[in-house]
Structure formats: C-alpha cells, structure tokens
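Labels run A, B, C, D, E and F following the written order; every chain starts at residue 1.
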Amino acid sequence: MDPKIVTGDEFFFSGLNKPGNITSPVGSKLTQVFVDEMPGLNTLGTSLVRIDYAPNGGLNPPHVHPRASEILLVMEGTLYSGFIASNSKDPNIRNKLFAKTLYPGDVYVFPRGLIHFQMNVGESNAVAFAIFSSQNPGIITLANFLFGSWPPIDTGVLARGFQLDNNIVNDLQSHLWVQN
Amino acid sequence: MDPKIVTGDEFFFSGLNKPGNITSPVGSKLTQVFVDEMPGLNTLGTSLVRIDYAPNGGLNPPHVHPRASEILLVMEGTLYSGFIASNSKDPNIRNKLFAKTLYPGDVYVFPRGLIHFQMNVGESNAVAFAIFSSQNPGIITLANFLFGSWPPIDTGVLARGFQLDNNIVNDLQSHLWVQN
Amino acid sequence: MDPKIVTGDEFFFSGLNKPGNITSPVGSKLTQVFVDEMPGLNTLGTSLVRIDYAPNGGLNPPHVHPRASEILLVMEGTLYSGFIASNSKDPNIRNKLFAKTLYPGDVYVFPRGLIHFQMNVGESNAVAFAIFSSQNPGIITLANFLFGSWPPIDTGVLARGFQLDNNIVNDLQSHLWVQN
Amino acid sequence: MDPKIVTGDEFFFSGLNKPGNITSPVGSKLTQVFVDEMPGLNTLGTSLVRIDYAPNGGLNPPHVHPRASEILLVMEGTLYSGFIASNSKDPNIRNKLFAKTLYPGDVYVFPRGLIHFQMNVGESNAVAFAIFSSQNPGIITLANFLFGSWPPIDTGVLARGFQLDNNIVNDLQSHLWVQN
Amino acid sequence: MDPKIVTGDEFFFSGLNKPGNITSPVGSKLTQVFVDEMPGLNTLGTSLVRIDYAPNGGLNPPHVHPRASEILLVMEGTLYSGFIASNSKDPNIRNKLFAKTLYPGDVYVFPRGLIHFQMNVGESNAVAFAIFSSQNPGIITLANFLFGSWPPIDTGVLARGFQLDNNIVNDLQSHLWVQN
Amino acid sequence: MDPKIVTGDEFFFSGLNKPGNITSPVGSKLTQVFVDEMPGLNTLGTSLVRIDYAPNGGLNPPHVHPRASEILLVMEGTLYSGFIASNSKDPNIRNKLFAKTLYPGDVYVFPRGLIHFQMNVGESNAVAFAIFSSQNPGIITLANFLFGSWPPIDTGVLARGFQLDNNIVNDLQSHLWVQN
C-alpha cells in the first residue's frame, strides 16, 4: 500500500458475527479474512476464518494449510477434531491421529501443513474461529483438490495411489466438489 | 518437546468461554493462551488472548506487543479501538491515530509493535479475542511499565520525558499498577 | 552439535547412487537425506531425496511436504508429474492442475505445501532427485495418512469428506498402507 | 532498486560526525540513517542513529522500536540508561528495570520492542550511536505518541489508563510534542 | 508473477542432462537454475546447479555463496572436496579444513557463506549437482573477484592482504579470469 | 539464558573506547562484540566490531561475513573502502568494484556475504565501527583461510584456482597468517 493513501479501512473488516450458509454437501462454511479481504494484513503474519457447521455431522473436511499453523477456538457446539502427525522415524508418532472432542471455550492446535478436520457431533449448530500464522495460509481441501482439479489428475495416479478401482475414481471425479 | 512423550495434551487448552474477572482498576481482564500455557504452540508462530471489558469504560489500556502483530475480533459489546501509526517522513501518517467504534463481528488490525487500546463504550459487558503472529507476543502495558517498574525509573527521566511535575510522577509511581 | 566434537562426518552421506527397492504397492521408493540422516544439515535449510520408480506406472503418490518447496530433477526415465495450485479468488488458478511429462535433465518445481505426484509412464526404471527448502520437509502421503493413520479417523469424516460409502472407507482403512 | 542503475551512492551516507541540534525540549537529537536515508540498506537488516544529548539531563525519552533490537554504543559523556523487561510469569523478571550508568566505550543492549531510555547525567555533551537489527526499526517516543497523536486519543482512555485526572491529560495533550 | 498469466512454464526447466563445456582455464562448468532461469522459484527458497569437471584436475575453484548453504551430490567421477570452517574461539574448529574424497552417490554439505571447492581427481569426467537453500544463492569465485574485478582493487590492498609482491599482484590482475 | 538468573550483565560490554593493538602484519585490529562476548545478544540479530588501522596502509584485508550484512561507520582517519558486487547476468554489475574514500562521519554498506576491505590511506591512526545484521556474523579473512587453513588445502587446488605457480602457493602456505 502506498502510505500516502492509507485511510484506515484497510485495517477493518466486519460481519464475522453472521452465520455462514451451511447448505454445502459437507455441511459447513468458511468465511475467510485473509490479506485479500483485509489489505492491512500485508506483512503482518496472521489472519482468521469463521467456520459454521450444520448439526449432526457438519464437516470441515480433511485439509491442509500449505503456509500456516492454526489455532481452532470453539464458540458453540461440540466438535470432534483431529490432526495426523507427520512422518517420523519414531513409530510412536508416525501417522498418529491426535483427536479430541471439543466444547465451547476449547482451543486446539494444528501444526503447519498437517492434515486436520472437524465434525459437528452435536445436535445444534456449531461455530468456531480458526486463526493462522500467515496472512495467506491457503486452504487445500483434500478430496476437492484430488478429485476435483481441472484438468483432472490422470485416473491411474489416483487409482493406484488410493488403492481404488478406476471406476470408483472416475465416479469421484464426476462429482461436484464444492468448496465449503 | 521430546516427540517420544507427546500425549496430545500439549495442543489443547480449555476455558476461553469463561468471563474474566473485570474488577481491576482499568475494568478489563486478559486470559492469555501463549506458549507458556499451551506448549504445543512452540515454533508455530501464533497465539491468542480473551479480553473481557466492564461496562461503561472498561479499558484495555494503551500497550504494545514487542514481538507480534494482532487482529482483534469483537464478540460482544461496543469497543472504541485505535492504534497510532509509527514515525514517518510522511506528515499524513506520522503520529496519526487510526480509531474506530467496533461492534460484534468486527475485526481490526494492529501492526507489530504499535501503541493500541480498546475501551468499552457500551452499557453492557464486552468480549473480544486478540490473535497474534507469535507464540509469545509479550504485553507491555505502558502506564504500568513506565510508572510501575521495579526498581522505579529515575523520576527525572519520566518528568522530563512526559513533561510532568516531579510530584505528579512521584504520585504515579506510588500507585498500585495491576496488570489487567 | 557441540562444535568441540565435530569430526566432519556430520556433513557426509553416501549411497545415493544405489537404486531403492521398488517392490512397494505403489512401485516407488524414497531414500531420504534429511537432518535425521545427516546432522550437519541442522539450521542449513535444505535437504534431498532419491526417488526410484518401477516401469509402467511406478508412482510417487499424491503427497504434500508441510515445511518445504521442492525441485524435482529427473535423471532417468519418463515421468508424468503435476501439482495442484492452491485455492484462490482467481478462477484461472483455483484448483488448477499443472502437469507435464518430464524427461532426463528436466526440472519441475512444487511450491510449498501443494499436492503433487509423479508417475513413471515409460517402460524402464525411472530415477529422480527431489531437493527441498528445509532440513526437515516432512512427507505426508495423502492416502496413507487419511486411510492409514492410527487410531483411524472416524469413518463418517472420511465418508462425507470424500463422498464415499462407509463400506468403501472401511475397506480402504483395512488396507495395508506402506510408505514408499 | 533496479540493478541497472546502481551507482554506488546508494550505499553511502555522510555527516554522522556532526553534532545534532540539542535544543529540543528533552535536550537530545536523533540523526537517523535508515533505509529512507540510505536506499542501499534495502533487505540488509540493519541501520543506525547518532544521538546527541545536552549536558545535565539531556534525555532520549522512553520509547520503543517496533521492529528492531538495539545496541547502544557510548562515544562521549555519561549516560544513565535502562530498559524494562517484558511481562513474564516469573516475578524475578516481570516489569523489572535493568539500568546502568554508561561511559565512553560501553555497550548496552535493548531487546526488540522493550521500553528504554538514556539520560545524560554528566556536565558535558554526550554522544552515542544506536545500531539496529532492521533497515526500518521505527521510533515510538511514548509521551509524544500517547499525548501528541492527531487526532488525539480520547481523554478518558488516557485518564483511566494512566490514572491521571482528566485536566492533567487535557493539559498534556495541549503541549507541543517535538520529536527529538 | 501475476497469477492471471501463469502458464506453468515458469515451473519448468530442461537440459540438465547435457554436459557443460569444460574447456575453461579451471576445467569445469556451472549450469545454473536460479530464479533468473526459472521464475517459478520466486519465494520458494531453493535452486540448483549442474557442475561438470574435466578429467585429471578439473576444478570448481574456491568460492562462497553469499546467501545459501549447499548440498553437493556426486553423480560421476571422483572429487576431492572441502570447506573451511569459520573463525571461532575454539582452536579445534578455527580455520579448519574439512575435506573428503567423494564418489558417485556421495553427498557433502557446505554451510552458508563458507569457502569451499571440488577438484576432479579421477581420470574421467566428473558430474555433480549442487543444491541451495536460496532461490538466488550468488556465486563468488574468490580468485576471479579478488583479481578480476572492474575497476581493479588497489594493488596495495591485495599485496598486503595476500602477502604477495606488487608485481605478482599486477600479473594476477592482468590475467583473463573466466567464470566457470 | 535461564530467565531466572538474568542479572543484567548479559546486556553490557565495555572497553570499545580503547585502541586495538595494530602491530599485526596487516596493520589493523578487530575488537569484536558478538554473542560470545555479550550473551544478551542471543536472538537479537545484531552485533558490532571496533576496527583500528595503523597509519599509511593499515589494512582490514579482503574478507566476507558469511551470515551478515555490515554498515561501516568511520570515526577517525581516512579509509579507502570497497566491496565487489556478486555475479549477475547484468554486465554492468557483475564483478564490479564499488569503492570510495571515507572520512569521519561517513557510512558505507557491505551487503551480506560480499568481499570487502578497508585501507587507511591517511598518515594517522584510523578507527571505525562495523555493525552487523546478525549476532554471530562470522569473519572469513580470505588470504588467511585460503592459505592458512589446517590442514592446508591441496596445493593444486590453489595453484589452478589462483593461476599461481605451485612454489608461490607453497610459499604462501608457509607464511604465518595472523588474524587481525
């Protein structure tokens, strides 16, 4: 930003009190405040997202943030949440799932680049905020990116990599993958 | 942390749904979740604080974070919030106060190391979360540190620096400065 | 390392001329030289891996490196290689697959944290080196981590996230997932 | 800088042997060599300032540098210098003033973002150089920024935060705050 | 790069399977793939070079990389390779040469900014790849830069610094210094 | 440092007003204040050195700092000072010497890792301070490290690399190389 034209609006964003539309197939919605939405975040190294989850299984599906660690702060509802540790020489850590049921006021940490998810296991709506160590953390929802890229990944790569029949892969690639 | 003894509890913290005790002289309370409170934040570059404000003037007084930028997210109440831009050759920026009245769902950014504050200008309690770009941002509440350090700063330094009479400085140094 | 006991061996590793055992289910093998294998890499910000691929479809399956960008250098064989761009407001980039057939002497870049893969589309063995911008890049092979973590991820999370029937998920979770 | 038009002058600055004008209200003067004054410092991570102090109390008043640590090197005179440690769980550190009387050839360190100051306690002029870990450390002179911002901070914020009567705050806000 | 015009070619480079021309005076040739050659490396923190060495003494002469650590990977031939540790208070490290004869498949590390070299001590061509922890590591071949800069360094500086007669320095400065 | 045992002495160093002993063969002396000399510099990203130069040619010989950029501040005397730009595709920069005669109060910048030097071209002592962008910049005096390492570098490497006869190299390697 040219400092001569800073007005103060660059440092402001509103509307995070409003529930997101949770009618997506996975039953959740992200409302992001990254540097694209709030230019004043440039060079500041942090950003956030509001996450709304539908009752009874609303899911923020397994994903990674390529450029940030995350803290999840639960505001409402009950969330089953987890992350999978990275590869390691230590068999006590390698591929281990760290998971926990979270309630309002609970905080959980997902280290940079690891696969993580949350699912609403309660009967009412759930709300959480995710805060990041980057102004532009990126969001890679794994199913969407693997089976919904354009052009699609070669079927053979996915079939062999996921030990799936080609026809299942083709079927997955024909789904409509909607970003939550 | 020795990876061999990671249990998963290092990545968890609870209780941020509970209001802080706002009976301090300034009428606010910080509940911090830094790396000291949640060891799993080590090397992850982010942390957060819950801030509670008493009605009618509850104040998170002017302070700086020496090692982090901050995003403030308002949950309840009405907050008059501002920060002062750094020195600059440009007179349109130098010493300028950027301030705004914030409502629930509003977000405001305080760049690294700049003086900032919030005051509850509503008639009910207010609640906000502050998120940081460091696992250990530090909090330097300016009045407390200037007039409440131990041993105290030489009276002459404060009197000349703040253009105050020595007896006012002495009076300030005799106050009880409580961290909110 | 205590500098008093540096011998020089910390900076040396051998054997990257030897083919890896490519009998794994995906038909590829990683031989890694990270800071665990070569202590002298500590604080130096780089590391590498040799990758061997079986003929006719040997696959380094879709994976991410949580802490590093990568350059792939092809030594032998013909590799179909690609990565998927991150989410973006720009529909010309969002979820886009960048893929290319690579030959000996070709170099391809995978930015930090993005999903990528290579498949040997030739009829002889293939060999490549992957070089990283971290001493400890991490390797998260997506199928293995999603369906082979311990304890397993809740079936419902994977079924809804990947739009798969529960019984397909259960079947996938019962596979033997071997790290290549 | 476009490397095609580098002349070498970008890496040069002169005049730091000349005393600064110490007739300001606080009796000191900063002559800064930051990236604005010397473009060749861009991306290099360091910069410096010459500080002149009037005899008998010339003061570099309490201030913070939002983006840098500092080393002070005393060239002439006798300086009472100090900094206040950050907040901490450890009561042996929290809010503690580290202060010392410094003579020519002495060096003192002020960690990033902490409040610090120097006062000339000798009867002749004093001179020091401050060196920084940033090309653009920023200077926030606390009294000037708190009481001399434009527009001014709400009186109530300062009165409650500093435990001062409103009329004292109003008086302070009407002063002329000159940057040294 | 403007993401709207990314084509994928930015992430690709070819030809590293082709031997470099080793007829230079030192008998070696660098083929570099830095961010200038492959724009997709921008911000990614890594790059590489192919090095070809003539038989019987082909030399990659003593040099430093001002902005990167390096891993050397030997593909063909036999290389005598070494680096000199930095200054240190510890006499067991200070100015110490760490050197080793390397064979195909061997890896050796040169920490950031240290003097290092390789010489082909075999009777056939040698080939290696050097990988870096920067997109733009820089190459400062010491003899070329010391004796072949333009304009030349004052003869007296080099004569006294290298304990050489002025006429030897003048002779060295009149050589043709070719970058390998 | 364990914060429980911080005394304040970690942040203090004295004696930089005292001239260094300039009887070394090159006629200069470095008095360094790095993290080894002042533990409080740990993590702070800056440090400094006092440099004394004998009259009529006292030389701080060509050297590099592997981990820091430098600002030189001249206190007394007249210094011929220069640095050599890195390799570049641009022939207007490549191998170019940027040099200047400096007087008291002059400041000159040496970007990270580049070869630089200063020579006292006046008839009286000269004094300068060098300030760095690292707590531990490292000092590699090129002649000393190239010709005075232990064990010595193979004569052939130096002879071919510097285009010198073997007997000149052997002679140089038999010199006593004293760190200034």
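Basically, contacts are C-beta pairs under 8 Å (C-beta built on N, C-alpha and C of every residue); 3 or more make two chains touch, one makes a residue touch a chain.
Every value quoted in this text rests on a predicted model; they were computed, and no experiment measured them.
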Separation of subunit E from subunit D in steps, with touching chains one step apart:
2
As a test of understanding: of all chains, whose mean C-alpha position lies farthest from that of subunit D?
C
Shared interface numbers for subunit B and subunit D above half of all numbers used, same, or below, different?
same
Between subunit A and subunit F, centroid-to-centroid distance (C-alpha), Å
50
Rounded to a whole Å, what is the gap between the Cα centroids of subunit A and subunit D?
43
Using mean CA coordinates as chain centres, what's the subunit C-subunit E distance in Å?
29
Residues of subunit A touching at least two other chains:
111-112
Select the category (line, ring, star, complete, other) that matches the graph of chains linked by touching.
ring
For a quick check of the interface rule, what order do the chains take around the ring, beginning at subunit B and passing next to subunit D?
B, D, F, E, C, A
Please output the residues of subunit F touching subunit E within their complex, sorted ascending.
25-27, 36, 57, 59, 61-62, 64-67, 80, 82, 84, 86-87, 89, 95-97, 99, 111-115, 117, 119, 138-154, 156-158, 160-164, 168, 172, 175, 179
Per the contact definition, I'd like the list of subunit B residues that touch subunit A in the complex.
3-4, 6, 8, 11-18, 33, 38, 40-41, 44-48, 68-71, 73, 75, 83, 85, 88, 90, 92-93, 98, 100, 103-112, 129, 131-133
